[in-house]
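Chains: A, B, C and D, in written order; residue numbering restarts at 1 for each.
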Amino acid sequence: MSRFAGREGPIRLGMVGGGSGAFIGAVHRIAARLDGKYQLVAGALSSTPEKARDSAAALGIPRSYDDFTAMAKSEARRRDGIEAVAIVTPNHMHGPVAREFLKRGIHVICDKPLTATLTEAKRLQQAAEKADALFVLTHNYTGYPMVREARALVASGALGRLRVVQVEYPQGWMAAPVANKQAEWRNDPARSGAGGSTGDIGTHAYNLARFVTGLKVEALAADLSEFVEGRQNDDNAHVMLRFEGGARGMLWCSQVAVGHENSLRLRIYGETGGLEWAQENPTELWHTPLGEPKRLITRMGAGAGPEAARVSRTPAGHPEGFLEAFATIYSEAAEAIFAHRAGKAAPEGVTFPGIADGMEGMAFIDACIRSSRRNAAWVVP
Amino acid sequence: MSRFAGREGPIRLGMVGGGSGAFIGAVHRIAARLDGKYQLVAGALSSTPEKARDSAAALGIPRSYDDFTAMAKSEARRRDGIEAVAIVTPNHMHGPVAREFLKRGIHVICDKPLTATLTEAKRLQQAAEKADALFVLTHNYTGYPMVREARALVASGALGRLRVVQVEYPQGWMAAPVANKQAEWRNDPARSGAGGSTGDIGTHAYNLARFVTGLKVEALAADLSEFVEGRQNDDNAHVMLRFEGGARGMLWCSQVAVGHENSLRLRIYGETGGLEWAQENPTELWHTPLGEPKRLITRMGAGAGPEAARVSRTPAGHPEGFLEAFATIYSEAAEAIFAHRAGKAAPEGVTFPGIADGMEGMAFIDACIRSSRRNAAWVVP
Amino acid sequence: MSRFAGREGPIRLGMVGGGSGAFIGAVHRIAARLDGKYQLVAGALSSTPEKARDSAAALGIPRSYDDFTAMAKSEARRRDGIEAVAIVTPNHMHGPVAREFLKRGIHVICDKPLTATLTEAKRLQQAAEKADALFVLTHNYTGYPMVREARALVASGALGRLRVVQVEYPQGWMAAPVANKQAEWRNDPARSGAGGSTGDIGTHAYNLARFVTGLKVEALAADLSEFVEGRQNDDNAHVMLRFEGGARGMLWCSQVAVGHENSLRLRIYGETGGLEWAQENPTELWHTPLGEPKRLITRMGAGAGPEAARVSRTPAGHPEGFLEAFATIYSEAAEAIFAHRAGKAAPEGVTFPGIADGMEGMAFIDACIRSSRRNAAWVVP
Amino acid sequence: MSRFAGREGPIRLGMVGGGSGAFIGAVHRIAARLDGKYQLVAGALSSTPEKARDSAAALGIPRSYDDFTAMAKSEARRRDGIEAVAIVTPNHMHGPVAREFLKRGIHVICDKPLTATLTEAKRLQQAAEKADALFVLTHNYTGYPMVREARALVASGALGRLRVVQVEYPQGWMAAPVANKQAEWRNDPARSGAGGSTGDIGTHAYNLARFVTGLKVEALAADLSEFVEGRQNDDNAHVMLRFEGGARGMLWCSQVAVGHENSLRLRIYGETGGLEWAQENPTELWHTPLGEPKRLITRMGAGAGPEAARVSRTPAGHPEGFLEAFATIYSEAAEAIFAHRAGKAAPEGVTFPGIADGMEGMAFIDACIRSSRRNAAWVVP
């Protein structure tokens, strides 16, 4: 029976990481707030105690801790303790932090990639499987309504048997050496893991392709580059993919593609149709049935189905964006947490990425690196 | 001295209107929540008492009232009473409700258009000017970062003296007779006022052009239509505009333009440059300096200035949309309310639409109707 | 019986105007050549004899004349004389030149607008009606395959009864004073007529709306401007339109819209559908049936009909552009000329603009000027 | 000294292949005609004599031959014989036909790919190098003005050292089994060669990347598929590329990508800038200098340089498309032929693909097949 059986109302949330100046911490906070299903009440926002306290005060978070272990212990004991924790630290801390909370039955909502190393990922996987708590990984792009729509279209058979999957995620912000907080830890293998662009954004692209197609990747061949001097991890990756059932694909991720901001894009071609979606214009899903004109399906517009509507908040023509998609991960997790309180399964349709997706992401990074070291030989992810 | 002098933390908010099934009420609630500056604690969500109570309970709003006058009186007396109220009723109730709260020193955040009639608008204007409380009108499209950027560009003189202003706001959802809650009261002049598309969306277009150009409209000539049988108010309006200083323009708003969802769009041409912005792709601002290639300026991207950054939450390439722009109105208002607590002016840069914008919108509707009745003669709005 | 009865093979073509440095003359020559149905064999390419001769030599045109009357007389007498003449002079010469050839039974392919004055237009109309020769006006935009498709869609009833017609034609090249050959005569009312942007591009926009909708304009109200100092004719026009049957519309043409190159664009909304087409992306026709997703219909692509195919030369995805559309006018005229040789009507489907379109364009210019002088009063064009 | 020394005027042209129903023959004819530099006077339009004659008659070609050898012999002897021949047969005939004409000093304008086999290509290469005649290969996409502009930008160093090259060429027309003339010979290795999509469109993509970047490909790894049952040659190819100097790239070509018509697209990223160009919107070149907003450079528009202008016919905003780009290859070749008459080199700036490009295309196809057979091992093209 859940520690939180019988609780009602918003979920009390804690946060580890995300002190002032952090990008993703702020995003998680907005995402948690947007649909009114969480209340942020505790935090260990920085590994520097003073910064942790100042950040918490600035954000109006009532309980601030100097370190996450103390937080986990204390919150687990409190009657009004947190029911879930958001982990927004650099990658190498995801595992240690998550395990502290999971083992105390506190749900974890963790940023991606899962961890910095595959070993650590496996430890976390065991912890997650053993725990009476949910593990949610914020592969936030799966929260976009038209990504849900795309997935439903593929699942419906509208595209027939899939043949070709093209996914790409170019960014340009690291084309020159970057000296800010975001770039710094990403370039430190000890903190971010061995994957550079593969870990930071390639995992999103991979997850998106997996989420929408439902197909497993049987093998991949990767050619990784470090173009910018002094860069220790890949900043560009070309990957060929072979899916179960015979589909083939390509994944390109890059952080040196000048002119791109955050250009995640997925294209899928099957025997009887094609699909295109792009994150920077997330409202639009292009669907071409074989032999028919291309159709523009929009969020809540004509032709869009219930899967997109389920995770929409406004009518057609009122752009929902990145924060809404991120909030949808929080909202879906909340529905599962509400059900967990009652010892029930999450309601039908509720979907969010979890530990298995995290493990797949880690396997993807690892496979890319192994393949690239062997001159782009095919490896099994 | 403010009734709320010395208060700290989030603003306690009430809501009038916005019971279950209402579109704009839900939008206001998300907007209020998104940046964490408000707490919704009271509501008179419906004129049907039972529905009011049920809606409040479903939304977890602690205090529910059966009518707005009782709410205003009670909240004004409470030590923990609301500091601001959001008004999301049909148009004809905006004035009566707003006046009840304004006279008790409670700030008002009101949906547009200001009221259903010009007479009522003038009463409200007097009330707002007399009150020791802010009046905020949610012309939400002015909250988009790239609208702010456009305004800053015009103000900087980058376009030179303005010549041509083209603004349009086509929608298609009322192309056939519509039988839902949204459409019904919009088609009842008693509740929505004499303006149809002019009031519902034309005021937004007009406000946007005014906000970005800073130019007053000296005269307009309008040709209004009611295309759908049984429609009492205009569902399409063609308007020619003459601005102070010699610029000319056109405004088109329509609710029968099949194929459009919410296609507000502004284009401005001056002696030395041109600008284009469209609500359905709000991240992109196109700027062409005379004799140079067209440039794509994006939110937080290269070339975007501090005015857009001030109201942005995420880096470039992470689409912010309608809800974020709406939340910016709430956020800007909150900054002004925080300053009001301390008896200060709003911090520099804080910008939101108020009573004057509301009066201009009413004058626009009125002028359109007057002109159209006189066969599109020029009238002064 | 035609003077050219029994002739076979390509049409022998002459040209008046179009000496070196002229834009539109070169376009006509390519258009005449593209489909192999004409042979350019004579010219009076300039009113300056030496320039006429040099231009003809440079272009390899066998017979050069110093003036058009001599050319008309001489060619009419020759057994191998021209069968058709292209007129690409400034506007004020269209009439005098055309009449010389028409009265000798030589077909005329004339650039638009028809003439510089309404009086001259009427004289030309009489000449054209009396002549045993075709009069073709190069409203070239009607040659685009997707414009044909749009027209067929409207005619098929797919949009239902039309309600709103928005047509615009902004350019930016005259935003500053321009000192070249193209701009110079356009700014001289004696040579170009009293219409500025209205005559130069407004007539195209008007013709396009007329061509696609098939609806007559019953009244218009125009607000013309001359923004650039020293400009004698309008460089911007805002026009409201009332069509037979109740549809309403707007026409905007401008030569001071910085950022636009040649942005002719038509949007049509009916009871059961909407259409959009833009000249700068001429391959794409957007069609939204009421309550269905927007469809992209492409030239020769799925969903495009025989009207577009009839005037296409290449498969889908191989962009055909301005020159091909222009060539289609020549090609269609050639089909009519071939039929004329045999004393027959043009084959079914053959469509090109003629004297009636020219008269309508003149009436449009005249109406715009009349209306604008009366402060945008409604006038009948 | 050229056989045609002293000749003046248009080039007398012959054609082999291109009888009625052939797509590419008609394209070559229009391309030859468009700029008035050729006159088509002889043809062996089909290997079926009757069809050859009928086609010639229908096209008004004065001299028709039943086979290409007879044509070569006869034309070489005539005083008014052809000066150049266009070869538009299936691939396996390119070599035999071209050699007949080259050895008689008749210039050859040949469709791509060069031949059906590498062996045959080498024979043709020798013949071309020995002949006193030009060999022109219609890699027509290099004729687009904005492709020229892109090349000039790269050559100018505006992008700095190149890092990433993404080129793709998806089509959808062969997603289902196709039973027409175009598809049939393409699926017959004896006639089209061992490359399917790689030969038909992959060579275009490869050539485009080579043309614009100027970089050699040192190695490639290819994964080819035949998705449609009964297909003998690849209909989809995923290729990773390694360029000299360290740049990496991907090439994707497909004929089963439902929703694409002819979507050739090139993106290039260097240390200090990025470029994007797409064939279906050929007027637009996107250039992002590092740290600056994206710029839209258009044909003849602001910011476009002389290389694009050299091959443009109309002002900005007047779309030139596929046929114009194709005509530019013919026009450039004509300039070289004019110079050849006089024993001179082609004028500066004149650029067209030749035998070396053809050999590279053949090496590309061959390398793709070799690599794919070895499970996408790296091979040298």
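Heads up, the rule we're going with is that contacts are C-beta pairs under 8 Å (C-beta built on N, C-alpha and C of every residue); 3 or more make two chains touch, one makes a residue touch a chain.
Computed from a predicted structure; not experimentally measured.
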Point to revise | Shortest chain-hopping distance from subunit A out to subunit C | key: 1
Review point. If you list every residue number at the subunit B and subunit C contact, are more than half found on both copies (same) or fewer than half (different)?
Key: same
Review point. Counting C-beta pairs in contact, which comes out ahead: A-D or B-D?
Key: A-D
Revision key, fill the gap. So, in whole Å, the Cα centroid of subunit C is separated from that of subunit D by 34
Study note, to complete from the structure: dist(centroid_CA(subunit A), centroid_CA(subunit D)) in Å evaluates to 44
Study note, to complete from the structure: Rounded to the nearest Å, the gap between Cα centres of subunit B and subunit D is 56
Study note, to complete from the structure: Flagged in subunit D as touching 2+ other chains are 260, 287, 294, 298, 301
Revision key, fill the gap. Seen from subunit D, its contact residues with subunit B in the complex are 287, 291-298, 301-303
Study note, to complete from the structure: In the complex, subunit D touches subunit C at residues 9-10, 23, 26-27, 29-30, 33-36, 59-60, 171, 173, 260-263, 279-283, 298, 301, 313-324
**Study point:** Complex interface listing, subunit C residues touching subunit B
**Key:** 159, 163-164, 166, 168, 170, 172, 175-176, 221, 223, 225, 227, 236, 238, 240, 242, 246, 248-250, 252, 254, 256-260, 267, 269-276, 286-290, 294, 375-376, 378
